[in-house]
Each structure stands twice: as C-alpha cells, then as structure tokens.
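Labels A, B and C are assigned to the chains in the order they are written; within every chain, residues are numbered from 1.
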Amino acid sequence: MLKQIEGSRATAEAIALCRPEVICAYPITPQTHIVEGLGEMVKSGELEGCEFINVESEFAALSVAIGASATGARTYTATSSQGLLFMAEAVYNAAGLGLPIVMTIGNRAIGAPINIWNDHSDSMSMRDAGWIQLFAETNQEALDLHIQAFKLAEELSCPVMVCMDGFILTHAYDRVDMPSQADVDAFLPPFEPRQVLDPADPVTIGAMVGPEAFTEVRYLAHHKQLRALSLIPQLSSDFAARFGRASGGLVRPYRTADAETIVVALGSVIGTVKEVVDEMRGEGVAIGCVSICSFRPFPLAALREVLERAQRVVVLEKCLAVGLGGIVSDGVRKALSGIMLKGYTVIAGLGGRAITRESLRQLFLDAAEDELEQVTFLDLNADIVANELERETQQRRSGPTAEAILRRLGTVASGIG
Amino acid sequence: MTTPTEPTDRPTQRQPVKFYQTGTFTIGNRLLPENVRSVQADMRRTNSLNSGHRACQGCGEALGARYAIDAAMQATGNQLIAVNATGCLEVFSTPYPETSWQIPWIHSLFGNAAAVASGVAAALRVKGRREARVVAQGGDGGTTDIGFGCLSGMFERNDDVLYICYDNEAYMNTGVQRSSATPPAARTATTPAMGAHPGNEFGTGKNVPLIAMAHRIPYVATASVANLRDLEQKVTTAMEIHGARYIHIHVPCPLGWGSAPADTIRLARLAVESGLFPLYEARDGHVTSRTQIRRQVPVDEYLKLQKRFAHLFGNAAGAESVALVQSMADRNIAEFGLLAEDAAHE
Amino acid sequence: MSGAEMLSVAAFLEGRYAQAFPSFGSERMGAPVMAFCRIDDREIRLREPVLAPDALIIQDPTLLHQVDLFSGLAQGGYVLINSTRSFAELGLSDLMRGAWRSHMCTVPATELALKHVRRPLPNAALLGGFAAISGQIKIQSVAAAIREKFGRAVAEANVAAAEEAYALVRTTKETADA
C-alpha cells in the first residue's frame, strides 16, 4: 500500500511486519524515531507477540539482543554513531557467536567533534566485525532491506546491519510502498535457530577457543560472508518476484555500459549522482555510476565486472580513513586488481555537509579531464584550514581546534554548507 | 526515612544452635528429615557444574557455584538457563574443547551478563515459556565494576533474573588486581603492599548488596561458602520469586588471598563470625532476616591466615589498620544486629 | 508534523511524488528551522537541500531581516509570508516590484489559526494560502492531508483555517492580477 510517511516510520512498520519478538531500544539521534515507532506499536497492541525493552545504554541494547537471540527469539535493535561505538564489544561478540540479530544504523558522524548529522563513519568503524552491512539508497529500499535482512541473517546465522543515512533518509517524508503482512509472511518464515538455549537440550555457547581452533572458527565466519555473496542476489531476486520491485543485491549500476568515467558511492547520495549523470550524458559525457548495496561482504567480482572497462573510477565516500584517505576506495582498488585505470577518492558529506549537484558536476568534469588529485575533500574551505594551521604555529596554547574554527565562521543558522 | 540496614527486630536471647551434617558424602544428611536435606546430598542432584573443570585446589567459587546452580535447578524442575560473565568461573568451566556445564549456558562478555540475562528472560517471556528461568553469574569484577551499569539496568527494570555474584574480592582470573570489592588494606597486583598506605586504600569500595537493596528489588541476600545449606536455601527462596533478585556470595580464593586451599571454608566462616561479611536477606529494600554470629571472633584471626594481609602484622602502622578493619566489623555487627544482646564478646 | 511534511502528503494524495525533509540544523526549540519539500511527477532522486526554491513559505517574519531567506529564489518564485502586514509594511517593496507581484502575498496565518484552532500554529493556514498563491496544490488536497494527520475535531478546525486563508489569498491575488 502506498504511503507518504517519514523514513523512520516506514522502517518501523516494515520491521513490525517481520514479526520481531524482542526489540531493545536506547535513544540516539537520528534513529530514535524508529524505535519510538516500534514502541508505540507494541504498546498499542498493533504489534503483538513482541517484548519492547527500554535499556540503559547501547551496550545493554545489543547485550539484551544477544541473550534474546540466543534463546531463539527474532531480535532487533537500532543505533547510530557514538551508540554503535559504545556497543562495539557486543557487535563483535554477536557476530562471533553467529546470532542473527538485525540492527538499523541511522548513519551519523562520530565525534569528536560531536556532530549529529549524516556520514558513514559509524558503519565503517564496524566494517570488520563480521556483520553483513547493507546500504539503502532510498526509504523504500531501507524498508525492503530490513525484510530481506531478517531472512538473510537467519539463513546464515549472521547478524545484519541495515544502514540508512541519518536525517536524509530517516527524517525525510517519502512515498513508499508498504508490503502486506501476508506477503511478508510468505517471504519470511518463522525463525528457526541453529543454536538455542533450551533446558531440554543443553548447549554451551561462548566457550573459550585457543590457538588450536581459533583460526578455523574465524575462517568459517569469513566463509559465511563469502556465501552471502551468492545469497544476497538470490534474496534480492526472490524479493523482486514477490514484491514487484528491485531492491538490495550487491551493486546497482546506472548507465555504466559504455561509461568512460564511473562514480562509485553508497547510500542516498547516489540519487543526486544519478541526476548529474543524466545531465552530463545529455551533454555527451560518457559517465555512469554504481551504488554498492552490500558493503560487507564486499562485492569484489560484481564491482570488477561493472568497472573494468572504464577509464577512470571516482569513489565518492562519506567517510575517511584518517592518515590514509579512502575506506571504500580500498575495496574498489582491490576489486580492480591487475587492471590499469585511474582511480580517484573523493571525501564528501562529512558531518552532514550537503553534497550538491553543482559541486558534483564540477567534480565529475574535473575527473573526466583527469584534473583531480588522488584524494580530494569536496568543497573543502581552504581558507579556514590555512588560518587554523597558521594560528597553531603562532602559539603552543592554541586552544580547541573546533571552537576556533566555529568562532571564525560566525553564527551558522542552518549549516547548509 | 529508615536506612535499609536498620533491623526490624532484635533478638532477646541467643539463637538456638543447630547441628547439621551438611553436604557430606559419608553421612549424606541421613540424620536430617528429608525436607531439610541439602540438594548436594541428594543423589538426584543435577551436577550442573560437573567435575573435570580447571578450578584451583580449594576454589571457593567452584564450590559456591556448584551448590547454587544445583539448588536453582531443583527449584525450577531443571528448567534453568545460565548466563556467565567472563571471569574465573567462565574460564575454568569451559576450556576448549570441553565444558563442565550440563545445562544451557552462554558466555557473552565481561560486563553484560545482567543484560544478556534480561534478553534471555524477555525471549522466554515472549515465547510463553513460563517454567524456564534464568540465572546470571559473575565475579566481583564483572558485577561491581564493569558490569555495574547493566546490573543496575536489570534491577531497575525488575527483569526476571537471579544475579549471583561470586565475590573473591579482586580480578582473580587476570592475576589478582584490585576491584571495588577488594577490602581495605588487601594486597593485590595493583594495590601492592608498599609505601605509606600498603595494600588497598581505606575509604574506597562499593557495597553492591546495599545498592541492590536501594533499587528495592524483590530479593537480595548475602551468602557464604561457610554455610552451604544457607546458600542453597537462599537460592531456593530466590527462585520462588519473580522479578530482579541478587545474591552476593563470599568465596575465598586461595591463590589470590594467599591462603591454604584447605582453609577456604574456615576463612569464609571467620569472615562471617568476625562480622566482616554479614549474612542477611532483604526484600523490597528492607532487611528481613540476618544470621546471628554465634561467637564473635576478632578480625586478626581472619586476616592472619591470608598472605594478602601479611604486611599488617608485626608493625605499628599495620596494627592501626587492623584496628580500623575491626571497627568496620563492629559497625556491621551494630548496623545489622548480628549479635544477640547477651552474647559474649572475646 | 511540519508544514513541509503536510505539503508532501497533500501532493502524494494528488498522485504525485513528494519529498519533505528538515534543514540539517540543530533540533532546538526556538532556533531558526527550515524545512524543504520537493514535488514532482516522477521519482525524486535528488538529495541536496533546496537551494533554488520555486516557492518560499515564511512562517516567522521576525527572521526576515536576520537571515537571507530569499537567496536562490527563482524568477517568478512564489512567496507567502505569515503576517498581518503587507509586503510594503514589512520593508519588502523591492521584491514586489515587477511582473511577479501576484506571486507574492502575506496572509495572517497565526491569527487564522488562533481563530479556528485556538492555537498559534499557522501551518495549515499557510498551506491553504500556498494553494491559492501558487496553484501548485489543490485546496482539497490540503484539506485531505490535514484530515489524515489530525484527529477529527482538530482536523476540521485546521481545515477551516486553511480554507479561509485560501479564500483570502485568492482575493488578494485576483486584485494583484487585475
């Protein structure tokens, strides 16, 4: 059924359709609306057979989820940014134990400096924890991915993170097609755990493993994600068959067949990229783009197939490997092993800075002329940077950097950029 | 507002002494009526923590856990799930590729046992499994320090979890480091016996049973491996109650305390009889019963059997510290009403 | 729900695509807040803030001379300001000069809200006014959106405010066009 609702609400309704049994909630901007929506549905009776628990921290949230999932309940939680870091130990633990928890990440920058707006640094911080990471392009895809996520998680016994851009998706009202309960039930059967705490059949979960077996256990976790590389496209196609639309999968190419320049990106920014691609194609520039939906497992083969005939690749990242440059770029480079083409990393949108059509257009034109640096920070204010560096050379006690820069910028009413 | 430790009734005569033959294999409680025999003496005990684990000789925690979990199993008709924090118990009971546990058991992390247990309880609830219950266990480190936030959260929500803390008064598994349960003056690897204030500082530390009572949860109790019947009884009582429950068990550690393995139960008894470890129960934030001290012993008798207090003896400063410890014991006795009015003092 | 969100619902009810989102500023009470809405007949892929608006609805005229609200406004763009005063009285005569006079209007939305809803919440009235000044959305759709989001009594009060605003702005526009 078509609806015009907030992205968070759409996500909450989709999760409710998946018949979750335990939901734990701790507030953090910008995911809070999701768990609030679910809490309301449980309290009103709209969502039955579900325990909604208000926990005392994100670490508690995922820990409660671990206990519930290990006892055979379909379990869900959500977080962002600092919250994801606060539960980091449990994130690795859940993956290591093979528990099929589904968690939404309302993508938000990680401090310091504290920042509530969107970028991908949070999800990226946990990229090697063993969770499957799926990125949504639109609110429709966000809700669709959650439905696919439960199925994927339970089939593999592996936790799944569904990542949606904070504010840009979570707080946007969009048209979405909400599936029916019957269709979701047909797609997603009840949870049948691989391991479960059951007095009738006792097992020990979480034993210590020494050098003689640790490598094998870790290899199996890696192998599981490699299996996901075939399972994810399969699920996407099953989903399309039942629900009538494309969503999920490993990568989604757009006008890449004869492209000389291909832009790679994750999440909602790809929408703006497509607009610019269309505009430039109209002017005869051979440009295309591809979005990575499955970031973990990283789709090396699928990406290589899309990119290998291009002359250059521009990786547009909402995250930063401090001291190195790009994070997504690393994976892309690996996918292109042995192939000679030009690769550019563009760091954009950090801390919620808007990525505009205009800036992208100029960027892509520069790329097409190979007039880009290896690593570019899009729309970087070079004056501010120069001033701050100068200030720091003048005195040892130069004070907090963020404060100094903000003072220089003056009052910023809406921070559009 | 009354403090939670104010006793509501003071006994006016000496508590009658009962003689038990408890938990011995040779007699097997046959001198007692069936209904008061210990769980451990029963051939049908579940041996939830089975033999073959790697605990040290004389480990108080292994002893306490064995009694506690079997009692919980009996009380629930063998419908128990255990959640364990990282620590000695977890490590010695599950050395790969073996496990000593004959019950469903999960180890997640160091600081989240209470939260994981809350999750297990929620799943059982949502699935309508009313008969299955959950116990969380951890050492003092995992309970009073790193697990404190999750513990308080579980208490505050009144989740249906019995949390058992095995308190050997330091981070033993990692090599005897100080925790907020470490008693004043005790030597640990991070509170060495040197300098102006050798051992752990006075005026620090956390009393988690009192904190549990401040949450007004349905049941809080302290117990000791010196009185294993009492321990079993408290676990049984706890399992009759639904909601958040907490039992804090004093478990000597020969390795960490520098005591003889054969002295474990004796030390636990001395801690109780000196007043340093009061045994009591509390409901909804009020003390409802306490175990009387039969014969008060001075704290020296307890301290001198442990190398971790060796630096307190044979010098003036140490004697002052011992006097301070004695005053702490005296204060417990007064606050909890542990001595009958006419009891003789040494 | 903000005015932008309600507008997006009204557009949705007309079978169009719409996207409403807050400006990416702090969500503090009392801070200047902007919200955006895009309406199109095909799926909206663009995710940048609205930098070149076709229309501006100004809920709080005290911001007029503090922030440059008009930057990027398209030629012939619609401007609707919540005020009992005229454009001239607000010091905005410059804007009103030229062929696009009939695209700009003030409407006493807060007063209308107080009159019908007894709360100073001008969103519904502003949308009614916007329907009139721009013709981009039907007043019936605005009413339907209001009814979707509010309980019966409150909805009808808001609809009344919207319809009165619509009528007011219609009259003003007809005068300006004449």
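Annotations
Note that a residue touches a chain if its C-beta (ideal position, glycine included) is under 8 Å from a C-beta of that chain, and two chains touch if they have at least 3 such contacts.
Since we're looking at a predicted model, the values are computed, not measured.
A linear topology is adopted by the chain contact network, the touching chains following one after another without closure. Distance from per-chain Cα centroids to the pooled protein Cα centroid is smallest for A. Using mean Cα coordinates as chain centres, the one most removed from subunit A is B. Subunit B and subunit C have Cα centroids lying 67 Å from one another. Inter-chain spacing, taken between the CA centroids of subunit A and subunit B, is 45 Å. Rounded to whole angstrom units, the spacing between the C-alpha centres of subunit A and subunit C is 34.
For subunit C, no residue reaches two or more other chains under the stated contact definition.
Put simply, subunit B touches subunit A in their complex at residues 78-81, 83-84, 90-91, 94-97, 99, 101-109, 111-112, 115-127, 132, 149-150, 152-153, 156-157. Those residues of subunit C that touch subunit A in the complex are listed here as 4-5, 8-9, 12-13, 17-27, 32, 34, 44-49, 51, 66-67.
Taken in their complex, subunit A has these residues touching subunit C: 2, 4, 6, 29, 116-118, 167-168, 171-175, 268-269, 271-272, 274-275, 352, 354-357, 413-416. Those residues of subunit A that touch subunit B in the complex are listed here as 21-22, 24, 49-51, 53-57, 59-60, 63-73, 75, 89-90, 93, 97, 197-199, 201-210, 212-213.
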